């Protein structure tokens, strides 16, 4: 049980949730959030780590259905239960890195950029984000990367010159991540994608989140959510 | 939807809930309270009117199960949905009146006493309350009646000289109300009892709350919750 | 333009939303909350030939997103209904479905017969109530007994006859087909699912009858599956129900093949649900450009 | 003093709480959260003779207080289980129940036979999975096919054999009795209930297989009723399950007659549920002065 420090609507339906406490986790991992303290709804919602601070953890989430709606009604001071961190997170990288996010896929890239910037093995962290309606947290993004590019309503992959980078980390709609994986394959640049799946346990026991990969079925919650794009998409 | 002004624990597990707004209702009627804004739990909980003020309604309730537990976690400023007033409430009375409550049966007697005291047809309003552990709201009770008697852990009916009164209004455990009905019958004094039943609709449509009376089945939610004791209990 | 009308066994309903038997009384109580005339129809509380007092003991128990009831068909009897309740129901000017229960073939037949010269729209033969000790659900468990009863009732009734099926049937599709073969003009399903609760503190079953009937959103996924199975197997129209809470649920049942939908437990949760579901369906049709529900019915 | 031990088919369980097949993997993931050795036993993910990839498309859908799953028996196959998973399960030092699915009698028999010389405690014959296209649940729908299969398997297995029954059976009591007659040493019930959901925006069924299996608290009242009915009808011991969320639910199943209880969906809701249910039962026994669960088993 953690206490909510903030649950603020940034723009319509997009919220920043901050929970007090010392939490662990690396970029690209997620937590399972129980949106209410009653047993309803039964399942926790998987949400990526947005940021870990010294005394809190932050999540950036969008209200899309009943669970996130209930979560959005929680107030400062309410207690909430979360479990995690789960999943593999983004792999260690080197050189010039591009982070590409679409929609709520932006969420895990903040902590990712924050962790990569001071990394001596990493030279460049370019952040590309595609939003559908409006940019959020513009100043924050700028601060955690080498260069920040964004687009509203368009196709963010159009802006990314894949061949300029040593590795690409991405999260967003399948169509975006597939496109990137294609470009990456052509250019010989590894593209890592963070994918979504409906989950029950979140820890690898129920097989609800199985996804087909080149190497057979993998669990999104445990073997993922980050995979090498070409192992997931038929590119 | 009303806004919660107060939801305060008076003594362990007993809460006073105050909701903002202009509400109607007479003594002995009840409201159906939806304890949470999610669909869970499905059914609203019937709770007697404790007091109606010019800009709010108050309920005195005890945490006994999951629904009242959820309710007890609501905070000032939360919104809540209630429906009512339902039920018949206590009948008009005259002369010397005793109000006898046991446990949470005290709840509807506050508004009842408050309404009877200024009534020119009523001469005396004596209030007898039996608590199991501890008295609550002692000062409040005293203010709304002619004389106030209470007992902790004992049997409150032992204190009531039924024959002194023209009518008795009561609410509490069945065993208490049955006893009073017996005494009343012997003394020729009408005893009204407010009874409980599990409810679904609260308005007379589902027949969940049917109770057997001398005159056939009656609905606690609509024909009651107040009945003449001797019509309900075999006395 | 956006037409919610539905033809069901040659009767026109102004929209597909019908109040389910036993959850809406005879409409009067809900009419104090909203004009129940906006509903496509109302299925009456289950009636038996003679008045019934229903079950003793606790009648209702809440479960996770469901309720178990053991009302036991408390009702005023057919005669009282006709003289006291029916005239009031007529004021709502929507379809009146008379739900009939019974414990023997004779009882069903006498009750149904009594309505031959009474102005109602439809008979809903309840062969699925799990809450009465004799009869009722017994007829709905197996296709033979169901078919036999329906055939006899069909022979004597002048009204369109729909049969309300039990999810406790051994094979609900077979029962549905037997009812169709026996001449039923339509089907309604599902009634409540046989269920149980135990009061562990008193070490007793919650209900005197031990078993009672589960309804509400908890059972929706099961109800929807059964409605889909039955709709794929019969040609007569179906009223689908079981746990419908909102217009989205209603659309699911229609996509699964139901002509009409009935709403039960939700009336207790939100007494204005009927009205809201109708406007929700209408809004959905507008947004999606659906002119008639025929376009989406049974597309799954 | 307060003894939670249970004898089940001559096997002693240290307490009545067993993790249900398919919801607990092979224990490993939950062992990172608590010592799963405290459980009475673990029923393995459903195994088939050969490795299975399971179903494609969406596999899980949440419903009001329930979940529908369409995993489709994804599993590593018997051989892989024996070499890679079983050794790890042994570390927990509780009862190992091997859950076996199949699509033909031969497949079941070969799979079960393979365990004859393997050190496990019990075989749970899954004739009730609604999520595979051929076989499995088909065997559990009718008493004849169930009895026939169980008889053959019983003949060849050296391990105690329990049969996992389907709530989708035409008559679950008849299937239970047929399994008992065929030599089953115990029964477990219920598996998931056949259910459905529709994605109204895309006008498609949620699951590629259309139907899938409902579990969780939504179904508890139905599961409890079935466990009660079966316990009243057979002499062999029963493992009861379906929607158990806490120790109170567990006690209900025991009072309904179950020797052991299994917990499935609750593991997803609260991964420490197993541990908590065990301590809850223990505390209840203390408060009520119950020395052995025999005192309350089947008192309803």
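Before moving on, here are some points about what is shown:
By written order: A, B, C and D. Residues from 1 in each chain.
FYI, a residue touches a chain if its C-beta (ideal position, glycine included) is under 8 Å from a C-beta of that chain, and two chains touch if they have at least 3 such contacts.
Note that the structure is predicted; figures quoted are calculated from it, not measured.
Counting hops only between chains that touch, subunit C reaches subunit D in a minimum of 1. Among the remaining chains, B is positioned farthest from subunit A, on the basis of C-alpha centroids. Note on chain placement: the centre of subunit B and the centre of subunit D lie 47 Å apart, centres being C-alpha means.
Averaging Cα coordinates per chain places subunit A and subunit D 36 Å apart. Multi-chain contact residues, meaning those touching two or more other chains, occur in subunit A at positions 39-41. Along subunit C, residues 64-66, 216-217, 245 each make contact with two or more other chains. Those residues of subunit A that touch subunit D in the shared complex are 39-44, 83, 198-210, 212, 216-217, 222. Looking at the complex, you find that subunit C touches subunit B at residues 22-25, 29-30, 32-33, 45, 53-54, 56, 58-62, 64-67, 69, 71, 74, 216-217, 245, 265, 267-269, 271. The residues of subunit B lying in touch with subunit A in their complex are 36-41, 66, 70, 73, 75, 77. Contact residues on subunit D toward subunit C in their complex (touch as defined above): 63-66, 68, 170-171, 193-198, 200, 203-205, 210-211, 214, 216-222, 224-225, 228, 243, 245, 248, 251-252, 255-256, 296, 299-300.
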